[in-house]
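Multiple structures are listed underneath, in structure tokens.
What follows is a pair of complexes built around subunit A, which joins subunit B in one and subunit C in the other.
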Partner chain A sequence: MNLIDVFPLTALGASDFLNLGPVLILTFGAVLSILLGTHKDKGHYLAFGMSLASVLAAFLVNYAMVFSSDVSILGETLIFSPFTKTLSLMLLVFSGIAIFLTFGHDKKEGLLAEIYGLILFSVTGMILMVSTQHLLFMFIALEIMSLAIYVMVAMRRTSRFSAEAGLKYFILGGLASALFLYGSSLVFGATGSFQLESISYFLSSHPNPSYIYYVGLGLILTAMLFKVGAVPFHGWVPDVYQGASTNITGFMGAAVKFTAFMALTKISQHLVFVPQVSGLSWFQNYVWLIAAASMIYGNFVAISQNEIKRMLSFSTIAHTGYLLLGLCAMNVGETSSEDLIIYLFFYALSNLGAFAVISQFEEKNQKDLTLDQIAGIGLKHPLLGAFFTLFLLSMAGIPLTSGFIGKYGLFSSAVNSGEVPLVVIAVLTSVVSVYYYLRVIIYMFMKDSAGEEVTFQGLKGAGLAAFISAVATLQFGLFPRAIISFVKMISK
Partner chain B sequence: METSCLLTWIIFTPLIFGFIVALMPQSLESKFRKLALAQTLVNALLATYLYVHFDGSSYASQFVHLVSWLPDWGINYSVSIDGISLPLVMLTAYVAPVAILGTWPDIHHGGLKKEKFFVICLMALQTGMYGTFLSSDIFLFYFFWEVVLIPMFFMIGIWGGKDRIYATVKFFIYTMIGSLLMLVAIFWILKTGSEQFGAPTADMGKLSELAFSFDGTSLGSALMSPQSLLFFAFALAFVIKVPMVPFHTWLPDAHVQAPTVGSVFLAAVLLKMGTYGLMRIAIPFFPEAAHYFSSVFILLGVIGIIYGAFCALAQSDFKKLVAYSSVSHMGYIMVGLFAFQKVAIAGSLYQMINHGISAGGLFLIVGFLYERLHTRNLNEFGGLAKVVPLMAIGFMIMTLSSVALPGSNGFVGEFPILLGAFQTQPTFVLFAGTGVILGAIYALKAYQLVMLGPTTRSDLATLKDLNLKEVISLSILTIFVFGIGFFPKTFFWKSDASLENYANTLIQKVSSK
Partner chain C sequence: MTNDVLVQTLAAVLFTIGILVVLLRRDTIMVLMGIELLLNSANLSLVAFSKSAAMIEGQLQVFFVITIAAAESAIGLSILINLYRNFGSIKTQNASTLKG
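Entry: the complex of A and B
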């Protein structure tokens, strides 16, 4: 078989180009901002401006095209539908905030100006990832995204934690990619296609696929569960969260998680949740178990953390568990992923905001902020303290914040599809999570500083990122109607 | 059905004032508390207007205000009031200025730290409380129910006593466990609702028409019936808030550590959110399960009455004594609500108001004493009546109200509960009645130790009596103590139609099986 059969190339029309526009803009913008970043004095400013302009331009083009008719490129490899374009819009929002978050922080940490270009490259990968239904192309998009992320994680050149985190993430990520690729080839062998929909169609007419299919599926799922950081494939999460520069951690927690989860959802929808194939029930139980394990493990381990980024990294594992619960719910009743998307979108915004606040208090090369260090900062910096409180309450799912709306939608659809036991587990572990989120608030507002003072860095970019996220968190917590209706509409 | 924005104004006036305070510069610090007082007075005026225009002859929801909020999930911003929520709203509206006047910080001692944040918390708390009592949409109810937690969490945690962090976390986590299980139950009834009505709805009036299957043939089948599971999920959230023994342990800690104004709000209003929830949702939505298990709740209520009284008797910390007395008095409400008898149910509603007044007053007295003598240990007082006669009078009135002396408001609440419950559950009431005696013992003991007897302190000469603000705040409560005590009908007649309809519907639902 020739490569041309796998990726049949056809001539691109004008509407294809318009739909590819955001990807093209981002790619050229990335190259340009890396070039501009080499300017001796103003490299950082130029790269920042260029990357922000590219994201903005990509956003506008994408926004203008949201409701244009579906376009499929490269023989159905890339599909641009209102659904995928909305996901791309969300990713562009995250990357815009991440670029603000990076500005100022990069100077403090001594990051090279290339970081702006790398952010754009990774977003390019993410957009391709959410727009494809093709296993091989998914692998390519995954690599475009991941390679940029590996570099960004290791970019704090003077910090050994960063190097450690980068290497760990790279080796394990490489293994996951290899598993994904091998799994895809086995699935191709068993079903004769890389297209998710064709595989799904094949399965519904062949309810007893060869065992090779199950092996391949297992490998693919393992790779994706690694990327979303679910127990037991979560080992890299805490170290990478701590070692990476805080702006990158925020970006990863938002955008990478969003993308990886959307990919996992897509794969599960087509390859796991096929009611005709009885052999797949084992995999469905497997996802159920991993969801429960992630919630329990993430929440209980987060309790004992005294370092904030590390605590948030375990909390993100717990959130993966909640999201997997939403995924399980899709198996039984709900077939659309709207609740997952809303939850992920809200969570990503709060997450970006939280890391923006953290970056305001971190010194150069500092591994993490400890709870003792933030004692009393809520009263000293009331606005940042209030923002951080808002983000933490949002992650804990308390009303007034978007996190509550997200959780409400996710859990209620899970109850509607009969996953009551898992919802009860989720709810009880949420109580546990309230404890560790509150602990941070308690230190910020109710304890006096124990001597180890942190200095306020006064980063304007991070301040703006925190402000945008806080407004969004509150806005979607009180008036989520527009976004819910929108996501509902496009996922029909 | 008339539409009106009045209730929305009542709910959000505190929040609007909160925004104004948030935007004011720090240099105006001395004005914040005055603004808080102004806000509570505005709310009291709005509430009075509401009371006057409330049609007491009808049990229907009035002053309905409905705005579409999340139509995809069938959720509306919908507030309304009936005879059951009316007294609670009035209680909140009148207790708030009393609490603020009675706990005015002493400027000469440097006032309170972070005054601005404190005032904002106070206002946010009121918005949450009004919202909880006025919501007629179950999602909105849950929303406000949770929102109340956050300002209270900060109030105890920042301005509380020595062990404030332990107390505030305990308070928060306890409430969260209950309310998250309630959330799962809400999902369940919303799901059933959307299946039966064909479209999602979160309107409480509509949801209360749903019938969930209940099989009372054996204890096991009754426990596993959907109706019982839902009932327990809701009831757990509410009885934690009440608090009912054995879920009461957060209360003494929270009360003792909270600043005085926090304690007043906690005792007077927050606890009533629990009993209100039972009365509004848990019992009428799931009547058969509630009736089947009513003995359990009455038993726990009676245990609460007696156990709370004994605990109160054993305390040397004045504030803890009042806190345990709350456990005891809230037990009566549990007995009344689960008696499934018309008079008892009415008594429970009265008792909610009366306990709010008497417990609020007693916490104010504790606050006055602590502010002046910096101790709450009952053995370190004594003979204060000679030095501070006004305070002694106020304390006496609140004590009498607390022990339910005929002629005071406490009697109006407890007597109908015991009278009504005796007709359905005589044995339990026999034991509950002993609570009245025990209540008199610990309350009078506290009064005696503080105000009477020999003086044990040397610094009493400098002790100041109540100032004007404190006198006014206690006077308002006193008016209600005797007003309700002598003319209960004048105060409660607007609830009669609603209570009548509530009790009839409930008893009919239960007895038809």
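Entry: the complex of A and C
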């Protein structure tokens, strides 16, 4: 048997190329911006301009193609539908904001100009990750994304915290990727396919798969729960959030979480939520338990934190719990993933904005801002204080911000699909979360600074990033109908 | 036991050894080798499954995984050099400044 018989070489047509356009533009843009970054004086400016231009070009190509007909490349390996293209658009928005956030911050922290190229590479991996239905291609996309992120985390080269965070993230991330690979190999052995849809089809006609399938699925789920930072696998989250440079932390909290959660949703939909297989109910209970544990642990540990970035890292674990609640509701109620997407999009924007504000007050190689250090800064810098307040209120889910809309949609659809006990836990723990979000606001506006002054860095890029996120947070909080109906339309 | 089962058992044993190395060893070079062992045991399992299922997909994938493993170890080693510059050692127990 010839190789060419197994894999007939099909030439890519014009529409295939147009759909692949964003990925190609980002890859070439990344290489070019790394090359331009070597320029002696203007390296950072050139790399910034190049990376921003390629994200913009990729966004425009993607935007123009959103409603074109579905295209599948390499025998259903990559699927470009309105749904996946909308997810890519959201990722490109996050990366655009992250590039602004990096500009200015890179000089302050001594980051090399390569950081712009690395952001583009990781976005390429993310776009491939949300567009594929193939387990092994998902592994490759996951690695394209993660390898760039490992380097970005360890990029503050003179900071001990950054070196340590990079090491921790690399070791645990490498372990998770290997678990994913071995898990998909076992699933392949049990079902004879790597395509999620064919596996799902196989399972519905074979309700008793061999035990190898369960082992493989357990490994895959563990790897994905690690990537989203759910509770038993959350150990790396606080350390990496503190150790990485603040712009990278914002990017990770937004884009990596978005991608990993979309992949987890896709895997759960096809491999876990198959009603014909009774053995899978154990896995469904497992996801349920992890959701409850993440919400309770994240919110209660965040209360005792005095450092802002560490507090936000525990709150992100809690947000993972809310999102897993949405995932459980999808199983029970057969709803689609639209509420998850809306919640993730809004959360990611507020998250990026919050880290943009934090980066305005950080010294070089500083580990974190403490509550005492930010006391009174809301009065000295009213605009930034107001932005930070807005982002924190949005994360807490207070009305008039986008966070409320996301949380309301998520919880109400979970109640409609009958996942009541978990929603009760979620609502109670989000009441707890209001305490630690409001505490930061009280320190900013109602306490006098206690000696430890922070200096305002005056970064224009981070200011712009905070402004964009604040406008989006308010806009989607006050007039959410357009984006909600758009997401509902494309997820049909 | 047939050959298939033997090879799969070998892959599983290698994978377990890899996990134990990653979790228990304190030397980061050994941890890197553990990650390589994990990826290669997964490769072995992929090849064996695609041989027994008479499908070529899994075997092709192994080439991609080998490439990725090379990139991953390059990045891992550069992170180690960075760690050594900052801490003067590559033992994991020294790098524990982030707590709370």
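We take it that the second predicted complex is superposed on the first by the 482 of 492 C-alpha atoms of A that agree within 3 Å, B and C clash if a C-alpha of one lies under 4 Å from a C-alpha of the other, contacts with A are read in each partner's own complex, and residues count from 1 in each chain.
FYI, a contact is a pair of C-beta atoms (placed from the backbone, for glycine too) under 8 Å apart; a residue touches a chain by one contact, two chains touch by 3 or more.
Model, not experiment: these values are computed from the prediction.
Chemist: Quick check for you: in the superposed arrangement, does A:116 touch first (subunit B), second (subunit C), both or neither?
Modeler: In the superposed model, A:116 contacts neither subunit B nor subunit C.
Chemist: Just to be sure I read the superposition right, which of the two partners does A:147 touch: subunit B = first, subunit C = second, or both, or neither?
Modeler: A:147 contacts subunit C only, not subunit B.
Chemist: Determine, under the contact definition given at the top, whether A:446 touches first (subunit B), second (subunit C), both, or neither.
Modeler: A:446: touches subunit B, not subunit C.
Chemist: Should A:186 be classified as contacting the first partner (subunit B), the second (subunit C), both, or neither?
Modeler: It touches subunit C, and subunit B stays clear.
Chemist: With both structures fitted on chain A, tell me whether subunit B or subunit C touches more of subunit A's residues.
Modeler: When the residues of subunit A touched by each partner are counted, C comes out ahead.
Chemist: Between subunit B (first) and subunit C (second), which does A:288 come into contact with in this model arrangement: first, second, both, or neither?
Modeler: Once the two structures are laid over each other on A, A:288 reaches no partner at all.
Chemist: Looking at the overlay, what does A:175 touch: subunit B (first), subunit C (second), both, or neither?
Modeler: A:175 contacts subunit C only, not subunit B.
Chemist: Tell me which partner A:434 touches in the superposition: subunit B (first), subunit C (second), both or neither.
Modeler: Touch status of A:434: first partner only.
Chemist: Show which residues of subunit A both subunit B and subunit C reach, each in its own complex.
Modeler: Common interface on subunit A, subunit B vs subunit C: nothing in common.
Chemist: Would you tell me which residues of subunit A are touching subunit B in their complex?
Modeler: Residues 379, 382, 393, 398-400, 404, 408-409, 411-412, 415-416, 420, 423-424, 427-428, 430-431, 434-435, 438, 442, 445-447, 480-481, 484-485, 488 of subunit A touch subunit B in their complex.
Chemist: What residues on subunit C touch subunit A, complex-wise?
Modeler: 8, 11, 15, 18-19, 22, 28, 31, 35, 38-39, 41-42, 45-46, 49-50, 52-53, 55-58, 61, 64-65, 68, 71-72, 75-76, 78-80, 82-83, 85-87, 92, 95-98, 100
Chemist: Once bound in the complex, which stretches of subunit B touch subunit A?
Modeler: Residues of subunit B touching subunit A: 68-73, 114, 117, 139, 142-144, 146-147, 149-150, 153-154, 157-158, 164-165, 168-169, 172-173, 176-177, 180-181, 183-184, 187-188, 190-191.
Chemist: So in the complex, which bits of subunit A are touching subunit C?
Modeler: 3, 6-7, 136, 139-140, 143, 147, 150-151, 154, 157-161, 163-168, 170-171, 174-175, 177-179, 181-182, 185-186, 188-189, 192, 194, 238-239, 242-243, 305, 307, 310, 367
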